[in-house]
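Naming follows writing order (A, B, C and D), and every chain is counted from residue 1.
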Amino acid sequence: MSAASPAARRGAATRVVLYAILLVFAVIYLMPLYVMLTTSFKTLEEIHQGNMLALPGEWTLAPWREAWGSACIGLECNGVHGYFFNSIKIVIPAVLISGLLGAFNGYVLTKWKFRGHKIVFGLILFSCFIPFQIILLPMARVLGILHLANSTGGLVLVHIVYGIGFTTLFFRNFYASFPDELVRAAQLDGAGFFTIFFRILLPASVPIIVVTIIWQFTNVWNDFLFGVSFASGDSAPITVALNNLVNSSTGVKAYNVNMAAAMVAAVPTLIVYILAGKYFLRGLMSGSVKG
Amino acid sequence: MSNASPDRDGGARERLQRWLPKLVLSPSCVLVLFFVYGFIAWTSYISFSDSGMMPDYTWVGLHQWSRLWTSWTWGIALHNIWVFGLLYIVSCIVLGLILAILLDQRIRAEGVLRTIYLYPMALSFIVTGTAWQWFLNPGLGLEKTMHDLGWQSFSFNWLIDSNMAIYTVVIAAVWQATGFVMAMFLAGLRGIDGEMIKAAQIDGAPAWKIYARIIIPQLRPVFLSAVVVLAHLAIKSFDLIVAMTGGGPGNATAVPATFMYSYAFSRNEMGIAAASAVFMLAVIAALIIPYLYSELREPRS
Amino acid sequence: MHSNHNRALVNRLGFALLPFALALSTNTMAADTSTDNQVEVLNWWTSGSEAKALGALKDGLSDQGIGWKNMPVAGGAGTNAMAVLRSRITSGNPPTAAQVLGYDAQDWAQRDALSSLDEVAKAGNWNEVFPQPLQEFAKYDGHWIGAPFEIHSTNWVWANKSLMDELGIEQPKTWDDFIASMKKAKDAGYIGLAYGGQPWQDSTVFENVVLATGGADFYRKALIDLDPQALDSATMTQAFDHLRELLKYKDDNSPGRDWNLATAMVINGKALYQIMGDWAKGEFLNANLEPGKDFMCFRTPGTQDAVTFNSDLMIMFDTDDAEQQKMQQTMAKIIGSPEFQIAFSQIKGSVPARMDLSADKLDACAQSGYEQVQAAAKNHTLMGSMAHGYAAPASVKNAVFDIISSFVNSDMPSDVAAEQLAAAIQSATS
Amino acid sequence: MSFLHINNVHKRFGETHVLKGVDIAIEQGDFLVLVGPSGCGKSTLLNMIAGLDSISEGELLLDGRCINDVHPSRRDIAMVFQSYALYPSMTVAGNIGFGLEMRKVPRKERREAVDRVAKLLQIENLLDRKPGQLSGGQRQRVAMGRALVRDPQLFLFDEPLSNLDAKLRVDMRSEIKQLHQRLKTTIVYVTHDQVEAMTLATRIAVMRAGELQQLGTPHEVYDDPNNLFVAGFMGSPSMNLVKARIVEHDGVLVAQVATGDTTLALPIVRDREALSDWCGRDVILGLRPEAITDPASANHRDGNIHEAELPVDLIEPTGADLYVVTTLGDASVNARMRPGTPLRPGERTRFAFDVSRMVVFDPESERRIRDEQMIDSALEETA
């Protein structure tokens, strides 16, 4: 009976158009991922002869095996697995430490305000936005002096320093929504600075902890500029290794291996994102729009 | 007097408690002061020095700056960042807004679609650049696919055309960031008072007019945030260029970020590199500081 | 020294980086782990042939009871590794020695960072046996500061022999012949010139064209002396015209292509020629091709009388440790020795840096190459390669890259290009 | 010596002077309500008592001990916050017991104390819940439990009822009152709601812009306000304030109010001595709505009733009362009459003024014009 009404029919038609547009966009957005995935399962021969958009005629895991274990990056033919673990070695301490510092900062800046706390926050926050080119030269020198040049340790330090801005922003915005009275009540109850933080605020911070971890994880994992500037050779993170791999050539470009390696580099952030996409979205929001 | 001594003891502990917050904040402050502001100062100084391969603290005034501004590649880099930045910001905002409005129509699979639009943000450009580079490669990607499908006259060789290469970077960059902008707008749309829209509907306004006259004007803060975030992403864009074009063909897609890297690390021109970095910082600061200022002072009122 | 793959990033970045940009790096954190009789050597020779070539040095050292702590660079991050070397030296923790190129050795010497090799040089008569143009880089202020490993030259054409035979092409002697032969290939549906569209490759081709167009004197005046009049001259305009003509014979997909992919096009018979340094020979040999039979190597037509070269130098960092000093001297001595020079080039594809050796043990290409280098050294036509940092400092070199690549990738008129080249060099040297 | 003595306390935040020398003294068992409009400094004063804000100047004495520099946790004070400030990740029992835990009270004792308080507040069944699962009223109880469990010398309440809906607020109000009467504890209670102040307090401190306006029993503050502000602030509907002129009429001091075509002359019976100096000068009269009634409801015994016929502008029945609005001078005046009084807007009717309850203010200083002795006698009355 709804079909009878012309208005309803027009409404239904609009819905169809609406879904069609959204679907087309979805296809466009998925295309690169699709191409990467299918290509990584194709043989080189099929890549050169077949259609980019076609599914693999014959599925092969060889490109993945090669990318992981035996592809040549620069001159070493051990695949990306070593660099993958480099990235893990970098990402775990960097995320944990910058997250903890950010949590402390957010706690102090919202619950233990002092004269000039806004200026301090502004100064910390501004560090999120600086073009990192401005710190490349002195950082290279400082890392050298600290004997951290070309080591994963150096990258951990770099990511901590330049992650503090975002983690502080997240925790500050989150704790700002906690009533100050909570801290006052706890003080009256006799709890000190750390007790209040660890017993009262931190247990209630699970959502923002998840957001921060996801945000920092993707940022650190996906970093290229710092990796390429401060680490090379054996200590390079996966992004740098991937770029080197893709641009290493021995006469033939092994696109399938490149794509497999790209997928290896993408899988951790993709998994994190798909598993915790909602939180990720929230993290993006609190990173940009005032929460 | 017997209870005076525990009080005094408590005094010391209380003093510690009073200092604890600042003490806890101080490592971050020290790190940020040194690694951000100290480094900014150092780089700024270097931009006025005679530094080449190694830092050299001889003051040369504006020499490096005048070399920067007469540099031919810097001109290209500036031109490119203008073209890139403008197209990138406008396209992201237009597309992001459209997607957000479409998704806001009580769409059935909203969660899935949102995830699809947003996932590029989770990937490194080094990863997706690999795909895009291949996708847009005339000999292998889209062009070849179209030819295979029988569309022989199809031609898309922007990636290797020095006049068009920068646009391929725009395409990939927009693809990556639109989802993010969409998410911002979506959150903005959800935050709008529904009663106002009901009132407009009762007044008989058609849907597009409600959007154009009532809803979109209210998203002003989101526009502002989006522009700020996108502008700073654009100026910082580095891996995106490296992964897609490497700054080429020739210097066709050089931007300030790649310019600085090249002058600092391969051309032994630390002075010019520092000047270009300071310039980038100045542009971003001009954008960000007023924004941060307004964001931070607002809660006071 | 041309590692096959490790300039990946460098090339991709397209920052007009030399394939042999200084890529010194370490994969350990500090040198204080080095034991008493061990040398720590920064280098980027890690490909099969390069590592093997370096093995000659390692063996020589171990004969003297000196241990070897290799610090090879994997991956192509040459530029940032340079930053690492900088910070290691400023933080007072230099390696024993490092492999560097041309102007970088001079830069470090200028900073008093290097040990003098005068004693070894005197004993080995280096002043006589190494060609003068190379000494300009290996010596600073009259003192030896670098031990040259070898000489690479860049004005080579690599050709597919069977394709030449098929098309009835003789080895071209003049520029016009050269162009004519490529036209023939193009008309027959082949690619005339295998071309890698990266700034350093653009400039490698360009320096060949300049040398072929203007001759050795002009090359020196324009690209080494950086004479503004020569740079913005009719001859330079003509050189750009020639380059433009040459570019007609490349394929459209060249931008960004690695040099070895271009070499592969010659090997596969897709393309007739490639203009590239003698490291390209390694690719042919790897494909089990034989010089003279399967592929041809000849000087770029019009440049037969001259050689543009580059060379790896081992520089030793100044140290107070007497033990280390002794080992540095020993290492320099080994590098300068005739046996090492031959053995090294045999593996690496280059020719010895010493001019007083017998070429018997080298392959055909290297034999003729060595003769040509010797002749050029005698005739003062052995000149540093602009594209590889032996003609001008990095800042100038990259300014040149900017213009050349821009010319290659656009339809810039030749006279404008010459004018801009002069202006860019002027700006870089100001 | 008073139990809690706030002695000339100042608070400055940078340039702004938030508290300008406040003096308050209360006895053990007193229920002091700090009342005033927002921004008057009452919450700041409460926080200073708690030790959560520092004291810029002056002295704070609790049971004879100066606590200016004593840490909040050692002042033996408990506080109930406006937002309740329940620890979100702890159960109700954890919340209530946290203060004891911090004071290293053994687990068993703690459990007993928590159970005792939970029973007192009838929240035994909620002990294992998290604050997020509680209703507003339940949270309020937990917050009180957290304060009660510690059995402190002094309780502080910071607008504890303002987040509750109207009905619950009234219920909780009387519970707090009962609790106070049962436990005989000393309480300092901040509110901006003058009804709460009136119903709960044994002593009310009315504050405005960092200054104490009046300290007294609810009755004093209500009937005998120190100044125009206190008069206007306390009571709902608020006191009627009308411009008048003091004249001597046949040897009788009257306040003349020009209203429409007639002039109303209200005889002065209170503060006569002080007002005799004000002959021929303008003043402001203050009359509670309940002091203006219909003649039948008026208390005629003391002969202090003065009647006048005035127009009825508006009638507002509230069920219990009928408020009638008329015009006196140039001001609208509220009168409280018996419900069911047959009136219609536009009519004229007789109003009975209880002049014994009339207070008079100096229009310039806004101070009350009153006899010295009257204060003394008022104090004696209450004592």
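Note that in this section a residue touches a chain if its C-beta (ideal position, glycine included) is under 8 Å from a C-beta of that chain, and two chains touch if they have at least 3 such contacts.
Since we're looking at a predicted model, the values are computed, not measured.
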Distance in touch steps, counted as few as possible, from chain C out to chain D: 2
Count of contact steps on the shortest path from chain A to chain B: 1
Leader among chain pairs (count of C-beta contacts): A-B
Taking each chain's C-alpha mean as its centre, the one farthest from chain D: C
Approximate Å spacing (C-alpha centroids) for the pair chain A, chain D: 57
Chain centre separation (chain A, chain C; CA means) in Å: 40
Where chain D touches two or more other chains at once, by residue number: 74
Residue list for chain A, restricted to those that touch at least two other chains: 137, 141-142, 228-229, 240, 243, 246
Interface hub residues of chain B, defined as touching at least two other chains: 17, 55, 242, 261, 264-265
Touching residues (chain side chain B, partner chain A) in the complex: 17, 20-22, 24-25, 27-29, 31-33, 35-40, 42-43, 46, 55, 99, 102-103, 105, 107, 113-128, 130-132, 134-135, 140-142, 144-145, 148-149, 175, 179-180, 183-184, 187-188, 221-222, 225-226, 229, 232, 235-236, 238-239, 242-243, 256-257, 260-261, 264-265, 270, 273-274, 276-278, 280-281, 284-285, 288-289, 292-293, 295-299
Footprint of chain C on chain B - complex, ascending: 52-55, 67, 70-73, 137-139, 157, 159-160, 162-163, 242, 245-252, 258, 261-262, 264-269
Residues on chain C engaged by chain B in the complex (per definition of touch): 10-17, 21, 78-80, 82-83, 86, 90, 104, 107, 111, 197-199, 202, 252-256, 393-395, 398, 402-403, 405-410, 420, 423-424, 427-428, 430
In the complex, chain D residues that touch chain A: 47, 50-52, 72-74, 77-79, 81-90, 98-99, 102-103, 146, 150, 158
Sites on chain A touched by chain C in the complex: 72-76, 137, 140-145, 147-151, 153, 228-236, 240-241, 243-253
